[in-house]
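The two complexes that follow have subunit A in common; it is paired with subunit B in the first and with subunit C in the second.
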Partner chain A sequence: MKMKIKAIAVNTFKESARNKMFYLLVFFGILFALSSKLISFLTLGDAIKVLKDTGLAAINFFCVLIAIFTGINLVYKEIEKKTVFNILSKPVSRDQFIIGKFLGLALTMLTALAAMAGIFFLFVALSGGGFDLKIILYFFMLFLELLVIVAISLLFSSFTTPILSFIFTVSLYLIGHIMWTFNEFKLILRVPFWKYFTQALYYLLPNLDKFNIKNEVVMNTALNPWTIFFSVLYALAYILALLAVTILIFRKRDFQ
Partner chain B sequence: MKALEIKDLKKTFHSNFLFKKYRVLKGINLNVEKGEIYGFLGPNGAGKTTTIKCILGLLFPDQGEILIDGQPAAAVASRCRIGFLPENPYFYDYLSARELLFFSASLFNLTAAEVRDRVAALIHQVGLSGHQDLKLRKFSKGMIQRLGLAQALIHNPDFLILDEPFSGLDPIGRKDLRTIILSLREQGKTIFFSSHILQDMEMMVDRVGIILNGSMRREGKLSELISRSTQYYEIICSHIAEKELAKIQANFACRDGQYSITLASDSDINQVVESIIHNNGRIVAVNQVKMTLEDIFFNEMGPSRPATTGPHRPATTGDSR
Partner chain C sequence: MMPGRLLVAVFLAGLLLAAGVQNRYDTTVDYFANRDTFVSLPSGKTMKTLSFGYSNLAADLLFIWSIQFYSTTYLTNRFDFLERVYDTITDITPQYKEPYIIGSLIMVYEARDIPMALRLLDKGSRHNPEEWFFDHDAGYYCYKFLKDFAKAEFYYNRAAAKPEAPAFIKRLNAHMVYLRDDHKVAYQMWLEIYNNARDTLEKDVAFNHLYQIKAENDLALLKERIGIFRRQFRRWPATLSELLSSRLLAALPGDFAGNEYIYNPEQGTVSAARVFKWKRP
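Entry: the complex of A and B
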């Protein structure tokens, strides 16, 4: 069983890694991250802070792009081009297929992030920022966020078209970064139904801000280890829940 | 022992709009014996691929039972014994033939040595030697079909399901594929293949099932279906004047200086032959024309069938002028 999941994961990684778009996005991620040096020249204040702030934002942006584009395309392409027939007609369960796809995408994201992060980490160090271990923690949290995004896009691509998957995933990504507003609604709303409804959404939708520690890294302020610990637990629970729903949908799907 | 048993298989598709239902399979019953080549014959849209997808668990039947080697087909383990070649197969075009076969093999419980041996043997068997490291995006349709067969055989299955394996192949490719399929039968494998190409069916299958509009119309041994009825008798003669021939038999046709006389039964053969010889004519051949698979197929199709224009069928209306 493990071998089959591994085979599907490795094949998924190969598919992403042999896609020119993947390299292009990684290249631009690195380019924009390094070009933050130019911005730091043009702004007043701590140049290293500006370098970190803009560089990390660039890497974040391009990693999210890669996660969304690879996530929404891979399963859909398997179904559309009927390559899924060749896998599911063999002794491979649908659960194994989805788990293999997710792990393959996770490996893709890890590779993309490692390439961008490694270069940026060295760049900051060489620019006088020293070996800031908080940057590594930032990338770890970003990786968790990317895994959640990949799981969301995988869920949508298991039953809808890439365009709709893109719209849904991007919407959830944007909502996921303003989740605190949902919590504020309970202070504003007076009708109990809407109060409970917004609270339900607050707990149901992905709170991606939990993984954002950029301010602490850039401003070099203290990080609460418990916050990090609960964010990791939250990511794992959320990913497992998303994969479970994806598997349930995929189990019932007819491949016409 | 049956390799495949299908009982009362029903499947309905739902249109996305207006919730319209399409009954694609209306109670299919079918049996495939071990070691035989079973031809699943039907026109486009008859339900062949839907049946195959139900066997492989790609579609969930509304009703019915599918057993492979006596085990429910829905179980993942039952697919260990099956090799499948889909219709117009498409594989990951970023892989090479060798990589695809290694990937296919990794989905079975094979040892590394077995995988290496099988991949090397199959690349040779399907005629892809020299192309094993070429990316699949550079493969022709025929090469993809050969590779599809190789990936279906990677785990040396007992039972092969081939969906329209001859579609898109040139005559050489078709002959090669026929040879491979027949050699697989020699090895004791069971082969179930769907097609709407009658010539290929007739040349290979032991038994045939005809499906039309989601229902099985006929099933049986090809030899029995074909020999069950003689369609007509044909006498071919030459060196006789048309006037004389018209006196003997009104229904004849002229082709390349020879005359073809069609008789509905064998009772008049002797008399007609004697009369031709008596008129200094020469008998070239006396043929018993039996039903072909094509005739059986079109008979089953009923009034909606297209006009039969097979080259084997001589004109039976007499006047050649």
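Entry: the complex of A and C
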């Protein structure tokens, strides 16, 4: 079973890595991260703070783009090109297919992130920011966020078209970063039903801002280890839930 | 088909014509005639929400824009939006320290609005309670521009209580107490600084202040007693010791260095060897 998942994961990784879009986004991610130096020249005071801010934001943005673009196409392409028949006609279950796809995408994200993060980490050090280990922690948290995004895009990719998957995933990504407003919104609601509905949405939708520790990294403020621990647990639980739904949907799909 | 040379000629002629038209247009327009501007910014909270997790970047870009905007000196009403701009930036990321410092500098030196600067620095201090420099800057502006030494003392006192406050904040605090004429408390504060000085600079500064405070107190007393002496004996005392023999003084005070004060018997004036004019208006 492990070998089959591994084979699908490796194949998914190779397929993603062959995609020119992947290289283009990684290239632009690095380019924008390095051009943060230019923006830092324009500020007054702590230029390293601006350099880190803009660089991390650029890497974050391009990694999210990679996660969405590779994720939304993956399963859909297999179905469209009918290659899914080849795979599923072999002794590979649909569950193994989805898990393999997810792991392959996770490996793709890890590669892209490692390339961008490694270069940026050295760039910050050479620019006078020193070897800031908090940046590594930031990239770890970003990787968790990317895994959640990959799982979301995989879910949509399993039952709808790439354009709709893109819209749904981007919407969830944006909502996921303003989840804190739900708590405030709840306070102004008077009807109990809507209060509970908002509360339910708050727990149902992915809270991606949980993984955002840019402020702590850039401002060099204290990081609560419990926050990190709960974020890791949250990511694992959410990914498990998303994969379970994806598998359930994929099991019921009738490929014609 | 159009020959290549003709195409080049058309290209050059086109460019020349475009430049000519632009030049002609520029002579009819005064680009700097409109010296009014308008800035409309959503609230910091809205900006934070709309930045979707990139709030730090949003604050950075807004801050960089504000530096360029407030360097555009021909915009005469640019200060109308000053507080709003820096409030928005600091609402997005309250821990971002530079906007408080740079914003208050613009408010003080460009807009000449000290209370506005104090409001911004108070906000900075509230959101970054461990940082001493917001209170230090606020204290300096109160001292330098408002001449409100009590308020300056309040800020310096608060700054001095911060964990990483440098030693000179305590000295500034003591100096403010001296400037608002509470000599007794100021002397005690400077004495504590003098006794716990960690380097010669600190010791020398404290020494000068102790010298000055003691001299001001002693000279005021001596001048008063010399005046009484003159009223009683219708002449100036020949020496300061005469104040002792006439029982106007129990003991002759000396300066902080242990020297006697300089007395002029012809004019009845008394002075110290060193004078620091810290209370000049």
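Rule of thumb we're sticking to: the second predicted complex is superposed on the first by the 256 of 256 C-alpha atoms of A that agree within 3 Å, B and C clash if a C-alpha of one lies under 4 Å from a C-alpha of the other, contacts with A are read in each partner's own complex, and residues count from 1 in each chain.
One rule holds in what follows: contacts are C-beta pairs under 8 Å (C-beta built on N, C-alpha and C of every residue); 3 or more make two chains touch, one makes a residue touch a chain.
Everything numeric here is computed off the predicted structure, so don't read it as measured data.
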Contacts of A:K81 with subunit B and subunit C, given as first, second, both or neither: first
Partner chain in contact with A:V92 - subunit B first, subunit C second, else both or neither: first
Touched partner set for A:Y203, first subunit B, second subunit C, both or neither: neither
Touched partner set for A:F230, first subunit B, second subunit C, both or neither: neither
First (subunit B), second (subunit C), both or neither touched by A:N11: first
Which of subunit B and subunit C A:H177 touches, first, second, both or neither: second
Which of subunit B and subunit C A:M3 touches, first, second, both or neither: first
Touching both subunit C and subunit B, counted on subunit A across the two superposed complexes: none
In the complex with subunit B, residue positions of subunit A that touch it: 3-4, 6-8, 11, 14-15, 18-19, 81-83, 85-93, 252, 254-256
Subunit C-facing residues of subunit A, complex: 39, 42-46, 49-50, 53-54, 57, 60-61, 173-174, 177-178, 181, 208-209, 212, 214-215, 218-219, 221
Subunit C residues touching subunit A - in the complex, by the definition given at the top: 49, 52-57, 60, 63-64, 67-68, 93, 95-98, 101-102
Subunit B residues within the subunit A interface of the complex: 13, 53, 56-60, 76-77, 79-80, 82, 84, 86, 89-92, 94-95, 103-104, 106-109, 151
